[in-house]
Amino acid sequence: MTLHSPSHLAGIVGFRGYSGAELVRLLLHHPSVEPVLLEHRDDAEPDPEPLNHPSLIDRIRFSPEAVREAGLAAVFLATPPEVSLDLAPALIEAGVKVIDLSGAFRLRTPENYQRWYGASHPRPDLLASAAYGLPEFHRATLAGAPFISNPGCYPTAANLALQPLIEAGVVDRSAGIVCDAKSGVSGAGRKASLSNSFCEVAENFSAYAVLQHRHVPEILLTSGIDEDELSFTAHLLPINRGILETIYFRSRNLRSTRDLLAIYASRYAEEPFLRILPAGSLPRLQAVNYTNFCDIGAVLDPKTGRGVVVSAIDNLIKGAAGQAVQNLNLALGLPETAGLL
Amino acid sequence: MTLHSPSHLAGIVGFRGYSGAELVRLLLHHPSVEPVLLEHRDDAEPDPEPLNHPSLIDRIRFSPEAVREAGLAAVFLATPPEVSLDLAPALIEAGVKVIDLSGAFRLRTPENYQRWYGASHPRPDLLASAAYGLPEFHRATLAGAPFISNPGCYPTAANLALQPLIEAGVVDRSAGIVCDAKSGVSGAGRKASLSNSFCEVAENFSAYAVLQHRHVPEILLTSGIDEDELSFTAHLLPINRGILETIYFRSRNLRSTRDLLAIYASRYAEEPFLRILPAGSLPRLQAVNYTNFCDIGAVLDPKTGRGVVVSAIDNLIKGAAGQAVQNLNLALGLPETAGLL
Amino acid sequence: MTLHSPSHLAGIVGFRGYSGAELVRLLLHHPSVEPVLLEHRDDAEPDPEPLNHPSLIDRIRFSPEAVREAGLAAVFLATPPEVSLDLAPALIEAGVKVIDLSGAFRLRTPENYQRWYGASHPRPDLLASAAYGLPEFHRATLAGAPFISNPGCYPTAANLALQPLIEAGVVDRSAGIVCDAKSGVSGAGRKASLSNSFCEVAENFSAYAVLQHRHVPEILLTSGIDEDELSFTAHLLPINRGILETIYFRSRNLRSTRDLLAIYASRYAEEPFLRILPAGSLPRLQAVNYTNFCDIGAVLDPKTGRGVVVSAIDNLIKGAAGQAVQNLNLALGLPETAGLL
Amino acid sequence: MTLHSPSHLAGIVGFRGYSGAELVRLLLHHPSVEPVLLEHRDDAEPDPEPLNHPSLIDRIRFSPEAVREAGLAAVFLATPPEVSLDLAPALIEAGVKVIDLSGAFRLRTPENYQRWYGASHPRPDLLASAAYGLPEFHRATLAGAPFISNPGCYPTAANLALQPLIEAGVVDRSAGIVCDAKSGVSGAGRKASLSNSFCEVAENFSAYAVLQHRHVPEILLTSGIDEDELSFTAHLLPINRGILETIYFRSRNLRSTRDLLAIYASRYAEEPFLRILPAGSLPRLQAVNYTNFCDIGAVLDPKTGRGVVVSAIDNLIKGAAGQAVQNLNLALGLPETAGLL
């Protein structure tokens, strides 16, 4: 009798990408879920630098039928939006739980999708039904959910930092909120690209998608703030992984850094993956990389109410694969932290 | 008759540091100034990893008398503030032009110095008389100046981006201004330090000095904006050199990115070291590193007036040694771009 | 009843260093050993950038008595040689198993120690009695051993690559063997140092300790080859972690890359941490970092018998903390791979 | 009257690549040559991240006629071998000096080209007539040469280190020579490629082309040593630029490091771009990057005659564009160091 025999199998489409590879790695350490690599037709071409997947993991050719026959409880789609749009419907109909890591089902309405992704959405019904997988704020709808849309990496770090302040009503929204976000290169996915080649990124730094990043609407949807109130800029850091966001706001009522930190301490008292740093400390990427933690630090100027909050996550873990496993745990009724600590 | 015979000698105290080494390199290519290395007593200990200074350069032991006897027209102090405070007075009295790259003489009043540098200033008279060396905004007072305080690296990038907007009156200052600044590691100087060791910096990123960086008052002094109106945060980039700042504001009157860029194009039309990028382009550090250029790009949201300006410089060149040479040229009546293009 | 209740406690002196921090991390995932942080007097000064140790881990002030009273089964010394020389004897006498990660007890004879470490050894008796902890070649003497000297990082990668060839008698030793070794910066330890500061290491690469690295005698002792037969050079890679060594030799008898690889496949058939790559593939640091694996690839030119073997390990895991846990498992009679896969 | 008016125009095909961009940069500082950008048909697609070329430089569409009409004295081909094979003949026939930076004309015989480049050479006559542009060893044939084949980056560093020893007859060639070479990523050219993308290279290190790199025959041709005597392995460093090679040999006759260094000091006494480091010092890439220097350091074990030589160059300067300008200077009868110091 094995004590930790896996009771569930979870398939991974896109296991050759960075998020997909992290899913494999995390599930190999999961006490009750085992990964199955799903070969999708777009993966036909040989992989020039294969990531290290232990040879013992099962691989099967993807099809909804094969997924059912293999008895998979869930499938992760670590794929581009267009592939997710293609694969998700049949899986959902087949009763397999789907956790989609792409942006295909994050925005709720076809109009919003059209605006930010520049295409009409083929399945508005599924768009409306997808549960948005930010457990710290949507846990109730994620428990047992058949279809989960995993949040973007930038919105995860932004919402975990902003949302407690919005809920507490301490942000003077009329003064505007700035979110200055910086991400490692793995956020762009695993593919040949001149702009992500070593010599173009190393010893370099730049801003992109100023005021128009497609992750912005995810922040607005979760927080309820208006587009006009938020200025969001993304930057490309010359590192492999990690996202750090520096958020600026004007507070109502807050009198000190201690008051500001107390909001987080209270809101996240029961959250296993949120770490609130003491006054005087600020997040560093090295402290969160390779973990599912989100670290938050903050400073408030008592004289003027200017507030600065810094949040940090590993874009591939809490910003992608780790949060997806957290969502899988919720969907399957497993302990939420299983395989993640 | 040699056409390019140097007519001036300039000494460098602190030539073993990163800014000092850049001064040497720049002056070796200067058509009419030649560097002289000034050995200061604090440099007595052997240098574990000597920077590459051609052996032909003159070296003399520093003293005000030696400086005079050697016929040096000017001395650069690429030294910590306390060393600059010690060395500058005698040189100035000896009639040698001084360009100080430290923060010792940047803040004008002893009260301001006390607040931000945590020490009383020993020479308020010199503090008041130092010309602040940001040529694009103080050129008149720099021409022929006997004593120049070279700006900090962060304020250089901030003021070059902010000042034209303040002058043009297009910033709604009551809504606050955010300056999110990121710097390469050489900004911290050349010294043994755990926090700047490779393993603590590489694959890492963090914020520091939130709302309280000692470069803040330089921005306020130049721009005239109030401390309460500006939120400034510094970050440490895992690269050798370069500063990029992302500045957020709410505009009055501006209707488009084109309008916003036109302010810079007009203000900087005659400036040799300012490059305004076309709409749709944003600065990258690789484009400014090893040059004295400051690149500026901008975006304005016409609907809401939210503006974002990005400026980039090489912290060791336009943010230190290059600007110091630019100031030397002004002080000596040479062409301002000599040795810098 | 908890099924995985730890049956052993293991103390770590030097837990603030890079190897010590990895020991903590590994033991937190070990099924039957739990870490205890041992505060040594030299750690008195506050840590500027504390590594992330979960607050729940026990910390006690180090002394042999405290170690005994706390019931520690073993103590890891992740300390400089002089500290290990100071601490090891009393622990051994107190019957606590000691695994020393420094070079203090690796060389067997006081003469050899004097030559390579430049000091006389205070405890030749312990030097002679220490078991050299390279399990793949000394497993028998490590089982139950009271005192284990953990190998250096460079010798681990070198011996795992060289030793099977020496044993198989396929190396023409008279033609000489070259070992060109490259290491990430963490190999130098966690301390303030100008030569390891970011700006001196990034975008740089250099050789050091040519023909005279103190890790050389460990290679000679294990393999039995003569000093005159081996040329070893170390290089500093601008990365955090990982060692890759490229070894050149002339073969006797070997006819093909396949023959060469077959020697490794046979010798390491039962080894859990050795991975022999197929012909045409070569090790990469990304594939071994954060693991206890040693990857080996090889090429043989059939016409001339020139052979090249490449081995790669994580210097902090298989080259330090991971191998130390492997040795702890052997010393305590636990499964050798416990906590390492 | 301008004193430094350029007397020559030199065209650059492939100015968007890394070597081509360095050519532009170097020629902009050249006292008597001015660059002209030659748009070749393969450059038609828009450049996603344009390198910084001052807008004032002339650009013309490439054709042999246009080159003649524009009065270009020379054309640099910073292009792949197949493009160089296509463009060089007509230019040479038109009497324009050609300096080819590709491997198309380096190997002298069609048989050798076929073996290492895997294709038959279309112009054996030009292959035989190309002057091999390593000035330190072929200066006589380069003076005034109409057609120069610029050496590969690895062979430049290897030959500058090996050749003086071969000439001096101090190498025991029967014992074999090892050349362990490490290069920054720009050596692979500027193009989209998964294997050179940031996340595959950063925090990684690997060997490639073991015993079969196509730069090997260039080393053999110059030095006259046999293929069986040389083991050459290339490695990819996670940095932008620079090559460092560590060369191992057994000496005849040499008695000390001093003797070994004296060979270089004597051979290179008049060479402007060779720097021989004193005993105890070894080359670092930071010391040669952005320069045309080759630094050489060496160690000899007097007891056994084992020798180790380390050479370092900037792969884009002395290994490509800088050496090409050095060759242009020779071809045009200009001072050899013009534009390079």
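Residue numbering begins at 1 within each chain, and the chains themselves are lettered A, B, C and D in the order written.
Note that a residue touches a chain if its C-beta (ideal position, glycine included) is under 8 Å from a C-beta of that chain, and two chains touch if they have at least 3 such contacts.
If you're wondering where the values come from, they're calculated on a predicted model, not measured in any experiment.
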Practice task
Select the chain at the greatest separation from chain A, using centres from the mean of Cα atoms.
Solution key: D
Handout entry: Pair of chains joined by more contacts [C-beta pairs], C-D or B-C
Key = C-D
Exercise for the section: Could you tell me the distance, in whole angstrom, between the mean C-alpha positions of chain B and chain D? Expected result: 37
Handout entry: Rounded Å distance between chain C and chain D, as computed from the means of their C-alpha atoms
Key = 39
Exercise for the section: Calculate how many whole Å lie between the centre of chain B and the centre of chain C, each centre taken as the average of the chain's C-alpha atoms. Expected result: 46
Handout entry: Set of chain A residues in contact with two or more other chains
Key = 49, 200, 202-203, 238-240, 284
Handout entry: In the complex with chain A, residue positions of chain B that touch it
Key = 175-176, 178, 180, 182, 200, 202-208, 210-211, 228, 231, 233, 235, 237-242, 244, 246, 248, 250, 282-286, 289, 297, 299, 301, 303-304, 306, 308, 310
Handout entry: Interface residues, chain B side, partner chain C - complex
Key = 18, 48-49, 185-186, 190-203, 238-240
